[in-house]
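Labels for the chains are A, B and C, by order of writing; each one numbers its residues from 1.
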Amino acid sequence: MTEEVKSDGKRSNAFVVSPQKRKMQKLAKNAGEALLLGIASFVAIIVLFIFYFVAVDAIPYFQLRGFTEFFTSTGWYPAGEPGEFGALAIIYGSAMVTLGSALLAVPMGIAAAVCLSDILPFSVRQYAKPVIEMLAAIPSVAFGFFALVILAPLLQSNGGPLLMWTWWVLAAPFLLLAVIVAADLLSARFAQEENRKKMALLLQSLFGILAVLVLYVVGTKLNAIEIITGTNALNVSIILSFMALPTIVSVAEDALQSVGRELREGSYALGATRAETLLKTVLPAASSGILAAVILGIMRALGETMVVWMASGNSSHIPDPWFNYLEAVRTLTATIAGDMGEADQVTGSARYHVLFAMGLLLLVISFFSNLVSERIVVRQRKILSGQ
Amino acid sequence: MQMRAEHKESAAKGSATATRDIYIPSERVAVSGGGTPHVVAKDFSIYYGDFEAVKKVNAEILSKYVTAIIGPSGCGKSTFLRAINRMNDLIPSCHTSGILRFDGEDIYGKLTDEVLLRKKIGMVFQKPNPFPKSIFDNIAYGPRLHGMNDRKQLEEIVEKSLRKAALWDEVSDRLERNALGLSGGQQQRLCVARTLAVEPEILLLDEPTSALDPKATAKIEDLIQELRGSYTIMIVTHNMQQASRVSDYTMFFYEGVLVEYAQTAQLFTNPKDRMTEDYITGRFS
Amino acid sequence: MNLGTRKILDNSFTAVGMGSIVVMALALLAVLTPIVYNGVGAVFFTGTIEHRTILYKEYGRGDAKTIETQTATAERYRGEAYRMLSDFEAEMEGMPFEASSRYRSQYAQVRAAMSSLLGPLPGDPTPMLTRFQYGQTRWEKAEEKLHEILYEKKWDYSDPTVMAKAFYVPRAEAFAGTMLAPLFGYLDRHLADMMQPEFTVYWGFFTDRSLDAHIFGGIWPEIQGTFFLAIGAMLFAFPLGVIAAVYFTEYAKEGFFTSILRSANSTLAGVPSIVFGLFGLAFFINTMKVSESKSVLAGSLTLAIMILPTIIRAAEEAILSVPKTYKEASLGLGSTKWNTIATVILPAALPGIITGGIISLGRAAGETAPIIFTAAVSVGSAIGIADVFSSPTPALSWNIYNLASEHEMACEIRHVQYGMVLSLVSIVLLLNLSAILLRAKISQKLKG
């Protein structure tokens, strides 16, 4: 850097260098960039390697046993002689806990994202964000431990009353709201202007009684439920929803933030309330970004290992009835983690390779979900930037 | 409109006949040691992709003089200025045609080391942009880059540069403080000092006062007066008073074309081109 | 709809949003509270003389004099109980067979519970396993054992429609009229005399090796293993990630190839952690053979791959947030591109890059699935730094799982599990907290 080429002596112009030096500079620059590119491509190479090495160990399984048993049978006896490798119940278990956690986390996550981006004042948001970050940071094994040691016994001993209270706390406000809205809508539809108030009051009390009845009946039903085992699909779904929430909230919030102020102001200017603005204008505009958030959140739940391994009960069967979340289930991730310990010694057997087959299945699902969510985000960015 | 067409014609003719192919100001004011062509443009065009932002400029910029560049927004002033020390290399789509010479050597030549070039041609930007380091480290940044590490020498250079930039008296007691703590005007003078520390021959100033208040602006203008005669200075400005106050020569650009280039006094009092006249009398924005 | 209803709907909408955030905060609280509360109990608790004896014998800590006197006192009270046992044994010898067999199984239970409470009873051979060589080290555990001695647990099957309920019958009733009858009252009265409880602060929990698979002792091997793995992962991933980020932000030309590279990055970020474990096993151990079998090196490499996308993203963001003017200024002064990156851009982006690094470090420390097949063992002592290339290591995350789910005395050592969980969560959260603070400081600095 320091030496200036004065060697040719004919000029004081130091910015023109000899052809050799220029060549060397170019060479060094290209070499440097190639090196950087090499390092940056490292990630792509790793991705290829992951697919390759998981597939290479997964394919022997399908060669040995074909596809039918894996995807259609529920018999999972890998240690048997001969072993059975029906993964249907396990795939079903994965789907079940993933769906369960999504049912809990998606509405809550979107509501929280909306709240963070549009409702809370900045001063409060400052404190809400670290809460979400901390929730995201807690190691999965700590969640698993909580599910196994605290939540499972709680569900097992007090499951019924717990369910009942949850139902009451959650359903009561919504039913109340439904009563008010229904009464309002109906009275507006069927009553004359002067009778409207009276009619609304009448309908409200009528619906109110109905709602209380529903609350009570369902509550007592729930109270009577006995939970056989606390390590079940419900337990895992609850915990997984905690883990998926931060992802959903942060990605959805980004999507909401990228919807411009103009859109919101336009809606307010037409006399919409905040809820109406958000529901009718902002959320639809951000919908694809929110969809991406949901996909990423679901992937987090599907790919989670420790919680399901510790607290799902690891029982390979399809619950009866199929939606019974109070039964133990078994998932793909937990099976890989749990069975490798024994399969490890028998490298080369179907028992070993079937676990890689499961890994491959997870990998493929996560790959496509990622692709889809990425596409969605890119598309939304394009739409919002008006291209 | 008509005028522009006419001008275009004449420019085209000029380059075609190539007798007196370079736009130079007719008369020269006296500045010691100045007056030789320092930067020479011949049919020099700059493109962003397909868009020709600066069109076939032919001009000589004289050494040790202050040359102002004026023109409406988007006419290519910054683009032209940044081409001189190849800052446009940062923009991938940007490329050039024609010739641009500095001290007789092609700036865009194959053998040009743009790093050494920029050392010779310093630049100060519209918004003051000190590094988030101490005042001392800001000024010493360039010399250190070019291999100077002796603390004594660095201290000398820092003091000399700050004095030249008329900032020494204000900051000599807090050289180790973060430069971001200075006022806007001080920051801009720091940026000038930082550039001077590399000992350039040419100073490019792109609207150096547009982000400053009148008082700070006055200081920068004083500074330019101080530096006149020691450096070749090119300054882009929107402020015509400023151009007439600080510069010896003025270039007027319109839509990428160098419309008129003359001694400042002459250009402002007696413009040859109707476009120039319209612009300096404020008939179009 | 009338305006009143719309207003109500609007407010309830707000309430739902707030409610969700409150639920999240409550979830965090619900998870953290028991972990913190019980985890603290691993260090601060009421310890018995057994605890002090173990510390003295196995770790060479504690005051020999006081331990001796306390042991003597405890032994005096225990002697009385032992005497009742041997009296009753003699009495049983003298009984007719049917009569004595009525007591035999219950008495065996009492003896087992007694030896679990106090350590091996006189006359018993010294047990092989350390866990049977000592009594209860913690007061609350001693009380539990006492309850086990005093009461027999029975199940009520009378109502077939509900699950059986447990209930307790005092053993004193079963042994009424025998020479063992006074034992129960005696134990109840003199438990403290026999155990010598004292408030204990056991910092050694973090720095001691474990004894007999964590039945006694501390968790140092796990803490050390976690640090080795996490720091090892950072050693690989951090430089790679930062360099890749520099490439993406400063050199990459937008195009097909770059978009492929970016896609690869987000794909890698989405790979389930257990698949990383499979890959680590198949690639690093079975194919590359970086080590015979599991090792810290293989685990670190696997974790490094896992955290790489996070680091790249954080570093990219940090670099992009450096004002463009810095770059222009530096280049304008005649600096080369590389020099500009090294002296201006990276220093300015450093806090942001470090923030990302810290968060990734926490992630690497907390993950379990990738190290199950590549690095973690359940029992083991702390390994030396030279062994990282060849030996596996215990690690907090893995051993929490192992102790809670697979340990044969999982219920007896909850305090150790809680202590481990608290340690892991504290490490991770402290790392995150420092990252949050660092970021707050950066944004303040950027504001001026």
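Note that a contact is a pair of C-beta atoms (placed from the backbone, for glycine too) under 8 Å apart; a residue touches a chain by one contact, two chains touch by 3 or more.
Predicted model only: the values in this text are computed from it and were never measured.
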Exercise. In graph terms, nodes being chains and edges touches, is this line, ring, star, complete or other?
Worked result: complete
For this session: Sort out for me whether A-B or A-C is joined by the greater number of C-beta contact pairs.
Result: A-C
Exercise. Whose Cα centre is nearest the centre of all Cα atoms in view?
Worked result: A
Seminar exercise, completed: The distance between the C-alpha centres of chain B and chain C, rounded to whole Å, is 64
Seminar exercise, completed: Taking each chain's centre as the mean of its CA atoms, chain A sits from chain C at a distance in Å of 25
Exercise. In angstrom, rounded to a whole number, how far apart do the mean CA points of chain A and chain B lie?
Worked result: 55
For this session: Mark out which residues of chain A touch at least two other chains, giving numbers and ranges.
Result: 1
Exercise. Considering chain B alone, which of its residues make contact with at least two other chains?
Worked result: 115-117, 119-120, 145-146
For this session: For chain C, write out the residues touching at least two other chains, lowest number first.
Result: 336, 339
Problem set entry | Interfacial residue positions of chain C with respect to chain B in the complex | 253, 323, 325-336, 339, 343-344, 348, 445, 448
For this session: Note which residues of chain B are touching chain A in the complex, please.
Result: 102-105, 107, 109-117, 119-120, 145-147
Exercise. Taking the complex as given, what residues does chain A use to touch chain B?
Worked result: 1-2, 4, 11-19, 21-22, 25
For this session: Spell out the part of chain B that touches chain C in their complex, as residue ranges.
Result: 85, 87, 90, 92, 115-120, 122-125, 127, 129-132, 141-142, 145-146, 180, 191, 194-195, 198
Problem set entry | chain A contact footprint on chain C (complex, rising order) | 1-2, 5-10, 12-21, 23-25, 27-28, 31-32, 34-35, 162-163, 240, 243-244, 246-248, 251-252, 260-261, 263-279, 281-283, 286-287, 305, 308-309, 312, 336, 338-339, 359, 362-363, 365-369, 372-373, 397-398, 400-401, 404-405, 414, 417, 421, 424-425, 428-429, 431-432, 436
